[in-house]
Amino acid sequence: MQNSNKTQTPNNKILVVGGGLGGIRTALDLAEAEKDVVLVDNDFTIGGLMTQLDRTFPTNNCDLCTISPHLSESNRQEHIELMSMTSVENISGEKGNFTASLRTAPRYINLDKCTGCGECYSAFPECVRFTPGLDHRAPTCMRYPQATPQAFSIDLKKCEDVQALVKVCPAGAINPDDMPINREVKCASVVLSPGASLFDPSHLDYLGYANLPDVVTSLEFERILSASGPTGGKLVRPSNGEQPKKVAWIQCIGSRGLQKGAGSYCSNACCMFALKEAIVTKERFQEDIETTIFYMDMRTFGKDYELYLNRAKNEYGVRFIRSRPHSVLQPEGETDLLLNYTLEDTTEPLQEKFDMVVLSTGFKTSEATRELASKLGLELNDNFFPVTDGFNPVVTSKKGVYVAGTFESPKDIPETMVQASAAAFMAASELGPATETVVAEDEDEAAEELLERDVSLEEPKVGVFICDCGENIGGLVDVNTLVEHAAKLPYVAVAKAEGHGCSRISMENIRQTIEEEQLNRVVIGGCSPRTHQAKFEDLLQKAKLNKYLLEIANIRDQATWVHPNNPEKATEKAKDLIQMSVGAVVKAQPLAEQSLPMNKNVLVVGGGVTGMTAALNLADQGFQIYLAEKSDKLGGMANNLLKTLEGNDVQAFVGDMVDRVKNHEKIQVFTRAIIVDHSGMPGMFTTGMQSGKQMFYRQIEHGITILATGALSNRPKQYLLDESSVVRTQLETQRFIADNPDQVKQWENVVMIQCVGSRTQENPNCSRICCQNAVKNALAILDVNPEARVFVLYRDMRTYGFQENYYRLAREKGVIFVRYTTDRPPVVEAEGDKVNVTYYDSILSMNVSVTADNLSLSTGLIADTDSTEELSMIFKLPRTADGYFLEDHVKLRPVDMPVPGFFVAGTAHSPKLIRESITQANAVSARAHTMLARDEINLGAGIAKVDGTRCAACLVCVRACPFDIPFINAEGYSEIDPAKCHGCGVCASECPAKAIQLMQFEDDRILAKVEQLFERVIA
Amino acid sequence: MSFQKRLASHEFAVLAEIHTPKGINISRLINDARRLKGRIDAVIVPDMENGIMRMSALAGGVLLQQQGVETIMHMYCRDRNRMALQGDALAAHVLGIQNIIVADSADMSESDHSDAQAVSDLNETDLIKALKTLQKGKDLSGFDLDGAPDFTIGCTLAPFSSDQELNQALEQARAKIEAGARYIITPPVFDIASCLPALEKIKTLGVPVIATVFLLKSLAIAQYIANSEPGANITDELIRRIRKSSDREQEGIAIAGENIIALKDKVQGVVIQTLGWEHKLPEILDVAGI
Amino acid sequence: MENFEPVIVAFCCHYCAYTAADMAGSQRLPYPANVKIIRVPCSGKVDALHIVKAFEKGADGVYVAGCLEGDCHFKNGNERAARRIDFVKKYLEEIGIESERLEMTTMSAGMGHRFAEVATQMTEKIRALGPSPVKAAQAA
Amino acid sequence: MITAERKPLEELIEYIKPYKRILLLGCNECVTVCAAGGRKEVGLLASGLQMAMLKNGKNIEIQQHTLERQCDPEYVEELVQMIDGADAVMSMACGCGVQQVAMRYKDKPVFPAVNTKFMGASERQGVWAERCQGCGNCLLGATGGICPIARCAKQLMNGPCGGSVTGHCEISEDVDCAWQLIWDRLKALGQTERYLEIMPAKDWRPAGGSGPRKIIREDLAE
Amino acid sequence: MKTESKLEKVLKAGHLAVTGECGPPRGAKPEEVIAKSKHLEGIVDAINVTDNQTAMVRMSSLAASVLIKQQGLNPLLQVTSRDRNRLAMQADIIGAYSLGIDNMLCLSGDHTKFGDHPSAMNVHDIDSIQMIQMVKDMRDKGIFQGGAELKGAPKMFIGAAANPFADPFELRVMRLEKKIEAGADFIQTQCIFNVDKFATWMEGVCKRGLHKRCYILAGVTPIKSLGAAKYMANRVPGMDVPKEIVERMASVPKEKQAEEGVTICVETIEKLKQIEGVAGFHIMAIEWEEIVKEICERAGLLPRPQV
């Protein structure tokens, strides 16, 4: 695996601990930036928690499907050394020169020999650790077909007849004498991403988890829902195997300090987790099931998460009850569970029957990770999470050691991805700027490329491989029927069912089949080419076929997923799609790819903290940065911030950063800079901007664009804002407290209203930052004036993560938190030089009036729609409905834009705190670095080609091309520069002489699809 | 018809600004100018306007003149002393440049060489006088020239945001005209209707008035000018129009073109300013029907 | 005619409509199985010939789905496609095929719902129109 | 270039009704450029005819072929290979091409699929406009390079009629008044006085007034 | 005197000449021609007989002219280049002259697109200026257009039309000059509503001395209704009806509109009399011939001089 032939010095590697999604992302980013990585995980296979999820919010994508490309990619990457079943025993040394002692446990299986055939498992299931555990309490036992490494592991202790076990393996891979291996690895820096465990509610008798089988944790419920789970995706009650009719979720189990042993923090992801489970459940069973969530505050503060909450309420009819149930009981002789609770505005005890109760358990650091932290000498906080830098959460107290993911603090997948990339960047920066390493031309690789089989003279010989994608395809249609159908089609030499086609073993099977049968065309029946084409193209290359001799029939997204209630129609459609692909692939021709040199300059749009961080990061790596700021000075929104919730001095931090940016020799700063035009293609963009007072126009050539344009402070005309002098935004309040402590000392009553201009019809999303802002200001006021009475009128307090500690502190200090609902909002009237705030107190069931010396409105952020709209027009980028830039994939590519070479960070992405913005900026730096590390950018082969003998030089293509690429050459026919062609195909479709073909989408290929479709239909 | 004749005949003159490159790549300069040949009366070549160091206007002007495009060269007092200015003027004449605009110079603070020293040996009025002196065959020290140059001299009107400022600007302009400027160029006009009174006032100077038409490239640019230049008459209406447009580039071009049409019977001519988008000038002229 | 199941070809651009179709898939939004998607890089790539051939081969309906106006990844391929569709519609009328059997539609990548909606509407419309006269003639 | 436009399908169907095997011919010259009879249009028409005939209850065979230039006999000769497989030929070339094919293959009916329109120039993509009527005696030198014969609705040789308004011809807003164009051009050339020359009555003989025309280059003619 | 034409005599004597117009019927109804021409008896010096006016087929202008001549009136034969080639035109001209017709007007004619035979070919073998030249050569040189000698030259008083309102306006004076150069003896202009523009044109005409080289009869038309005003303003190519005229027609009740139209016409004539170079008036009262008398009376153009 380790075949990089760069000159290695002992300490230019990076150790990544933890093979979950975060660790994989870190390793991939580092590897793509040409850094060597050792990725260790103590489990048998990598993947971590995410592999156990059924689907993820808010897209409800299948997780196995989204993660599997990453898993195998990590294995493929030549810069990554993957060590499974390996734990870190000790790490010594310091930044730049660590030595890690690693211990790899015996697997008793030789990875090089194991084919994952499963013979051992069928013979001795008890001692083979590959159990799709039917015990829902043990979800971690379960593995899935795309596992990496793709091999079993033997639990020798459970094996009674070792010799019999050894014999059963056809590959002779079982080695009972396997020994643990100790190894030392030198590395320059360490990224810790071992994840967190989940709270175990067994000791909480009143919730009945320990003895009531129908009380499950949210992860267990997820396993039950999952197609690859113990019940094969059938939602049943563990007690009796029947489908439940009423399911309740109880939130905040193990979080917010509510139970014995619970963390004091908010676990951040559980609300969305429960919402997702409720929605998926409703989706599947519709009216047949009732879902209820018992919650304290619904904390849907992420990008577009509020919309998800609204959908759960309005579209799916999920029921929400604001209450903390105090017990779950099962009365003698009954099968139902009885949930006892009270509502906030009554004391009357209520009871309701459910047949399943899901406990939304939060994150908790595990003993093992705590131990790891202590070995490294990391400082931990009260909740045993590492103490991190106030402005940079991936930086720990120990130099050279970085953290990411739930090990750092509780969080969801996108934030883990962002931190993982950020940590990758920080860790890589220890290695210093990329130096010109002379890479001895990889002769093997070059030779291998030459080995691509010439199939141009062969008759088409097609192999059709059809995935069942677990239940996703196979659950609805009989894959064998599809295989039989495919086998009968012309030119098809092989047709096979391939299980999870994208799993390593299936890929290997396909490759072997191609080579053995000398296939020269391949059709995959599976999921979308959008996500999987590249993967199968690689496979073809490995099988020495030109990668363009491939068609993918998207029978999952276009048949089984969308015709779930009609297996016959789905089957017929899948046959159609496969036949169309076979027809098309027969016409496919081998193609050569185009590549272009990568321009290594970076344009950063936006000179706030986010933009400056990214600029400094990449400039330190030796890249030329152009930093364009629209206003006349750097600093952005942070110029208005004084302190963070945790008390860090923002002004000093920003001031220092501005100085570093201004004095950096690799950064050119343009203030008052407005982007006005843009052209080019990935790797070589040209952007025109007008900058300075004089609006000097210049064009920048760059290969990377980072959008860090920020957001705007919202300022809705509500609650006498801008009418009364005592009504302020939270930002203004913060400034006022700092500047006028004497006046603050006079305050008797202070009121804060949350969600002003957020979570409304016009601006439906949560502004994320306001709850902690209110808490911060409330505490600051009490610091100055402990006598002041501070009222916070809120809808849901969303003090996620460790912010919860401050929320609790504020309550303890006497800040009065009162919930209001949108149908009874507070009323504000001027009263002399004060304001009178009237709100409805649901506990007292009456209106309460407070005369306030200061009214602070949590107005939050709104997208800078003018800027994002114009930039999205100029750069051709998508935006969300509320005007933020829309990333390529909300979960897996949270800072990448759909156009290669474009990245987004900070509040231009969505509202966020300063340290979150900085993390994104670091993440963006890592993502950008993966491109900047390359000298060339591959443009693929999808370009237009002219047949000069047919061309009538009519100029149609010259006029039609949106990019002005074709021209009539000296020979008198149209010529299209392959390096410039964008591959849209407009010229091909308008050419009256049919002299132009768009590669990969040739006419005969498209028409073959049409023909095959109707061949079937009419036959 | 030469620009000078156009002025004399009271026909509508169309000028465009083309900046010299910051560097030595002159292909854009020449291409842009070629595409305008025959469509406009003359090209104005600013000289390191607003303190951005670039190739000098003299060289740019000569290059364009070689392309058969009549050139008007900017001169001003910030960067050169009277020796250099007179020398350049003589050079310009010899190399075929017949038109000079004595422009106001922006201060150094916004320059890309903000630590450079401003010369300001002469002021604009002095410079105009100096040019007139040269035309009479003498230099500023009274020495005889071996052959006198000849120029059509124009001047610029300082930007204004109030009537008072306008009056001040007019006062300054009057001095320049007395010194020998034969026409005056206004700051950019955006909303023609609302700037008519000011134009009328400017006309009282008694020399042909050439209005500046500025290409708004984007909403951000329009907003920037509206916010940072109090005198710029960018109306909310105009901002709305650009915001509504799905192709703002085209909208900006349309606005510039329409403004030229609207100015046709109101002033003696226009200068089109595109600040870097000189390649769009032909499209603006198309809209304006020129 | 009661059992008539139309066959509809949807040419979908890679950047918006095809992604929307995937989105419909991952959101499990059902739509009629009658719609078969052919992926193209841009709706502007859909040749008039491809459309006419689809009818010749027996399609009851064809639609081209591109990006929303102004959002085309390739500047204006979707506008070209729209003009081309109008042209082919006229030709279909000449041939004696109802022009409603061919439509142009636009959507963004995120509009899984719209994809399903358009697919359903188109199927319903074609179902109401009955089999394509060409197919009917072939059958006869 | 010679411009042409496809005939209505109905008319074409009438032509080919009696036949079963049709050879549909395109031409890779002018008609390709004006999008009337290149490979693509041949494909579209073949498909359209096929469908329309099917609707009429008839299954026909259509062979498609596009010649480099249908007005040259050598290219037309290529068809020898395929002509026997056809009962009739339909040509999408201009009238010259149709006749060339008809002359060579005397026993095959040859039908025009396009209406040959005029000699024109591209105004922009997809728009062609008449510029020349081939009158055989070019007077563009006297009219500022704009032809009043081809571009004035009344072929007036001595100036605009009274119907010219704001540069448009009286017959349509979409038609430029040729004489307005001529006048503008004369002005641009500084030759307005030339307008006063009376152009004498035209000799129409070179325009075909004396029957079909022919050009013979003695040095080249065999 | 170039001809025996009465119109020429009136003009030569320095009187303001008046011509009227008579559109032949769309059918073989000689009585209609006679009835129409009777309205103009003693009112005008010559009666224009239109040639397939507005490209609609009518009784030939030659035949109608003969009918009018038979009434003892003085017809003015209109000939367009649209319908006949040079052979047919010359044949008709000799014929007409032989039947006592000695005035003619050379026109190019409205495009067939506007008429009832839009599919007819527009002949335009020669254009109107070439036609003038041809008639002049027949008359003065005694030769046919093809150069052959002509026995018995037709002594036609040759007229041509001019539209001072069409574009390009600046070319209009030169176009007149060209017609005069070709041989036009008199000019009848397009209906004048925009007197200012006409005056501008006449200024150009006089500047070049053209008014001394031929007689210019200013065309006027009484507007019968608001609808007619609008129609002429919007639909008739080359017609310039200022907004004020339409508004003025609109300002009076429907039943008074005809009267208002006549008043406008009379006022126009009065204004035109003031303009240098105007030698007379051509009153086009299409399908309203009976009104010409009133107009002439009110404009002080009656009685007609005897020459």
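Each chain carries a letter (A, B, C, D and E) given by its place in the written order, and its residues are counted from 1.
Definition applied: a contact is a pair of C-beta atoms (placed from the backbone, for glycine too) under 8 Å apart; a residue touches a chain by one contact, two chains touch by 3 or more.
What you are looking at is a predicted structure, and each value in this text was computed from that prediction instead of being measured.
Removing chain D from consideration leaves the other chains in the touching groups A, B, C | E. Distances between chain centres, each the mean of the C-alpha atoms, put A farthest from chain D. A count of C-beta contacts for the chain pairs A-D and C-D puts C-D on top.
Among the chains in view, C has its Cα centre nearest the centre of the complete protein Cα set. Centroid to centroid, with C-alpha atoms defining each point, chain B and chain E lie 56 Å apart.
With centres set at the average Cα position, the gap from chain A to chain C is 33 Å.
Chain D and chain E have CA centres that are 40 Å apart.
Touching of two or more other chains is recorded for residues 873, 960 of chain A.
Chain C has residues 47-49, 53, 70, 138 in contact with two or more other chains. In chain D, the residues touching two or more other chains are 40, 43.
Here chain B touches chain A in the complex through residues 19, 22, 49-52, 106, 110, 112, 217-221, 223-224, 228, 243, 248-249, 275-277, going by the rule given at the top. For chain C in complex with chain D, the touching residues are 47-49, 52-53, 55-56, 91, 94-97, 133-134, 137-138, 140. Listed in rising order, the residues of chain A touching chain C in the complex are 59-62, 283, 528-530, 554, 556-559, 561-566, 569-570, 572-573, 576-577, 580, 873, 876, 878, 886, 898, 942, 960, 962-963, 982-986, 988-990, 998, 1001, 1003, 1006-1007, 1009-1011, 1013-1014, 1017-1018. The touching residues of chain A, counted against chain B in their complex, run 630, 672, 674-677, 688, 690, 692-699, 866-867, 869-870, 873-874. Of all the residues in chain E, the ones that touch chain D in their complex are 81-82, 86, 108-111, 113-114, 122, 124-130, 133-134, 145, 161-163, 165-168, 170-171, 174-175, 177-178, 181-182, 190, 237-238.
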